[in-house]
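Look at the two complexes coming up: chain A is in both, with chain B in one and chain C in the other.
Moving on, here comes the complex of A and B:
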């Protein structure tokens, strides 16, 4: 036991993944179109988007289970298109775990070694070591169907890791678990990635999962990447109205630039006649502009009488719902037919509670307004317009 | 609401539900088989026919007759050859249909093509081999014209070869269907997981597909074994009467109205088939897989 054999060289080399102009077509429709993306070595990257946005296709192309129609994929310095998974140094954990139902979990984990022609004793021993790492060695003779979902996932993880990959690809790994297990496995995945130091690429459609785990979040929309950055930037400074809505936590407002406001600011006029200010960034007058304001930066107060028609950074509306979230209260307003959400801290809320039907004024500071890179086109093709995250 | 009456009522319902099938099975399966077993111990008397008795003479006759052994050996030989060929064909055809044809409609279309031989009767299917395999047949005349041979091949028709050809033609579908069925239930991501773990294409088939199709293979083998073991018609027609099968022994006895010996032979055949079937079931727990 003292002399464990040297690990295979697969873990050496960089796990940096580079996609260059990658396109994948199924028939006449594009699953992904002209994607460029670099995932740094040793990072935890989450591909985030609604179902059908192409995130799983990207993962499968990196894994080698799908061939891009055009474009190049590099892992480290190697162009990997056309190579089998083992030569790429990738290992994939499937959404359904894809454990072999006819093999014990020990033989499931040992499968890779068996394919490499490692002797029976040797591969059983190494599989057992791997099972010990995921604390399932006491169940080594069970069949996959006899395990719980969480245990099956650990087996799948052990089976992926025994290949000693540079890149671990996870396809919605937490979606089949219940809430409690999901949170626990989330933590374990993160610490595992820290410990191994290899690149993790994790596909998910759940925003909190991506924010909690990822060093790098890639937000996707129907075959293209909308924004790829750290979780903090994605959440705090979304690039487009789509990202702002999909990540939640933002209100998107659109107006026409009417001119300068205070020093270094410009003023916008919305369609409903309200005015906002934002820090100037070289925007031309008369152009349309969309901005985002975080929900937790909104101050609410009861409305007493009309607000001045020239009030800036203020909207008046009617409370349509309140939802207690523990540390804050989510107050949904109806602002001239549009949805506007304020997350009010519980202290502020209970100091001056508002109820459904109450008229209120929502206001914010100019420096909390963030300019979006695209003009909001509204609900057309955006299923997340009213999504209440 | 005491439990006793409700349970007895429930069990009565259960019995009633099972009754029709039980009756059919008793009437058309259990009683005939029991009759055959009983008759197999009766005595056969020339000109008189069946005489009730308890004698082992029929069995002793059969076992001491070398023809019986030859017929059984020949039947087993055909069974084994046909089993191997239909398995190889059936497995790869099913594999192609399930894993290589991506379009479901194409797959169903090709599957229907497999059933084309069954659109005509057994006899026509067999007879249609004659113009192909015969001395003046398609293959022989083609080979002669090409100059590959200068004498027509005699072993093409009325030989073991033609018997096997006919069996394979008739029974491959019975192998394809159950294997197709169990293959179609394999999660495709299992194949990808195997590739991910470094399995070659052949490694995937050997380590994943084949073990997961065991049920289908066993069921297909069961069909083929029972069909070939129970056949006398194909073997008689296609061998031109040169070969026989265990069943043709029974047929001959029946023609001489020797029902007791035919019955004894039938019992032996039944036992042989049951032994093979139980061997297959021992290899694969078909019941467990069927309820899955």
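Moving on, here comes the complex of A and C:
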């Protein structure tokens, strides 16, 4: 989807967002470069990536707080570049919430109506209705500084929603909350989006947040989109080694195609001499290929003697750390200097526990191997090597 | 023998610095209190302690001038001048503060040029203004040349305060206003100015007191009629009665009243924001 050509006139609802060849330059550096992206009407879209990857820039360009250097942005059928936010039908919720400190929360929510010249009685009434929706009407005369983080966020939501937007843009909306509130507000955002049926675009750097919320996850790396798809596809079948590492939950292996394996499979040989197989997909012999295997698809057993030199889909290593996670145990292996992670279910782990320093064999099935679209260019210095779970 | 627990006694530096601070406070307020007390001196007209038959006679003397000089007239010039300087300082500092929020060509040079007037000696500036006005054939007046001289002193302070205040203002507020359909003018009027209003009061306070107290920049620029600090200075040379102290008391009270007014309005605004209405 990341590089699909822009559909013309396909927007049924008015909340579809299309970015066509959008580039934003700050001085000589590119914040985002040649982005193409279609976010369907009424979907919950998460822009995910590390800080500085350009996700906030995209959000701000959709909102109209940043002007692209080149390219076009459509909301519904309207080209919106150069238009003010209100004409775009977007509303943005800021990371700091940006509630006006000198106004009561009722006046904060009524601000949009005041700017439109709506009379005092009516705007107060409508602001109160909106506050009732977020269950804060009893606090209408408080000042923002007197509210908790979660309450402030709800006020910010109410203030955005009173504009009746087609698109709600959320800039790291949960990052200022503590863990407990974060999970609760996450649920509330999702059900609010279901209820309203408008497009939500949510910027985050937290993988579980994106997976839990999004109909569509857009994974970004420095200024470009690596993959845009459903959360399930992003997590289960990452397109690139970067996405696999950033989402976590995957082991990335690289080898050279040596020929056919079993029926319909090809065999790879890694630099350390180990062999593994994957379903054939037209790969040429001698080409380099990177594959990913989910951490929770790995079976571990203690190593007794050497593994046969012709063993397939197996690596031997030494346990370097174990981390209890409740329903599973994260076992980190040192495999010839590389990190390899197996998430073993608690039942399997406690049936045959392994400790730091134990030699083990990790194995997996051929059908659990997923081919990545790019050859891994080395994990060295990759800060997301061990991200997520 | 085991050591007894220590709950942290104060180091000797605490007492040394406390002593230093006490001396500072005595130096700051002692003379002011002495003047205040002696302004209630009785008819003995003694300029030194002790205080005998205290009363208000020297305040009467002050406001019904027979030989003390034109105090009321000087006050009637100093007050409007200080208010004028205050208003202009606020207006110029705030608008300049907005301009400097975004970098523009030559902004640094303009900033340093404005700040440089802080280090030009006031008396030199005063002479320079007088000479220039003479050369241009203009007469020096308190509402003309003195106003300019005072602004050269008050404006840099106002600018520095406003830069600090606006520098701390989160740009998200303006963007949120823009997002909610506010025009530029509405954003300034309904969002930015109310948020930075305490800072504007601080600028106003500086503008007022710097002008009201200013001596060196007033010296040659006020023309033929004195402002209050000049009048006091003149009186020290030819008035030898406690009326001088009475004048000191009155002007100090006015200054304190202005400061109290400004600070209490800042406190009220902030309290309203944190407590709600």
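Heads up, the rule we're going with is that the second predicted complex is superposed on the first by the 370 of 389 C-alpha atoms of A that agree within 3 Å, B and C clash if a C-alpha of one lies under 4 Å from a C-alpha of the other, contacts with A are read in each partner's own complex, and residues count from 1 in each chain.
Keep in mind that, in the parts below, a contact is a pair of C-beta atoms (placed from the backbone, for glycine too) under 8 Å apart; a residue touches a chain by one contact, two chains touch by 3 or more.
Here the structure is a predicted model, which means the values were calculated and not measured.
A.B. asks: Specify the outcome, clash or fit, for chain B and chain C once both structures are aligned onto chain A.
C.D. replies: clash
A.B. asks: Is A:104 touching anything from chain B or chain C once the two structures are fitted on A? First, second, both or neither.
C.D. replies: Only chain C is touched by A:104; chain B is not.
A.B. asks: So, does A:142 touch the first partner chain B, the second partner chain C, both, or neither?
C.D. replies: second
A.B. asks: Could you look at A:114 and tell me whether it touches chain B, chain C, both or neither (first, second, both, neither)?
C.D. replies: In the superposed model, A:114 contacts both chain B and chain C.
A.B. asks: Residues of chain A that sit at the chain B interface in one complex and at the chain C interface in the other, please.
C.D. replies: Looking at chain A, the two contact sets intersect at 63-65, 84-86, 90-92, 94-96, 98, 100-102, 111-112, 114-116, 159-160, 163.
A.B. asks: Which of the residues in chain A end up touching chain C in this complex?
C.D. replies: 63-65, 84-86, 90-92, 94-96, 98, 100-104, 111-112, 114-116, 141-143, 145-146, 159-160, 163
A.B. asks: Using the touch definition from the top, list the residues of chain B that touch chain A in their complex.
C.D. replies: My answer: residues 187, 189-190, 192-200, 203, 207-208, 211-212.
A.B. asks: Using the touch rule from the top, collect the residues of chain C that touch chain A in their complex.
C.D. replies: Against chain A, chain C makes touches at 170, 172-173, 175-183, 186, 190-191, 194-195, 197, 269, 272-277.
A.B. asks: With touch defined as at the start, can you tell me which chain A residues reach chain B in the complex?
C.D. replies: Chain A reaches chain B through residues 63-65, 84-86, 90-92, 94-96, 98-102, 111-112, 114-116, 159-160, 163.
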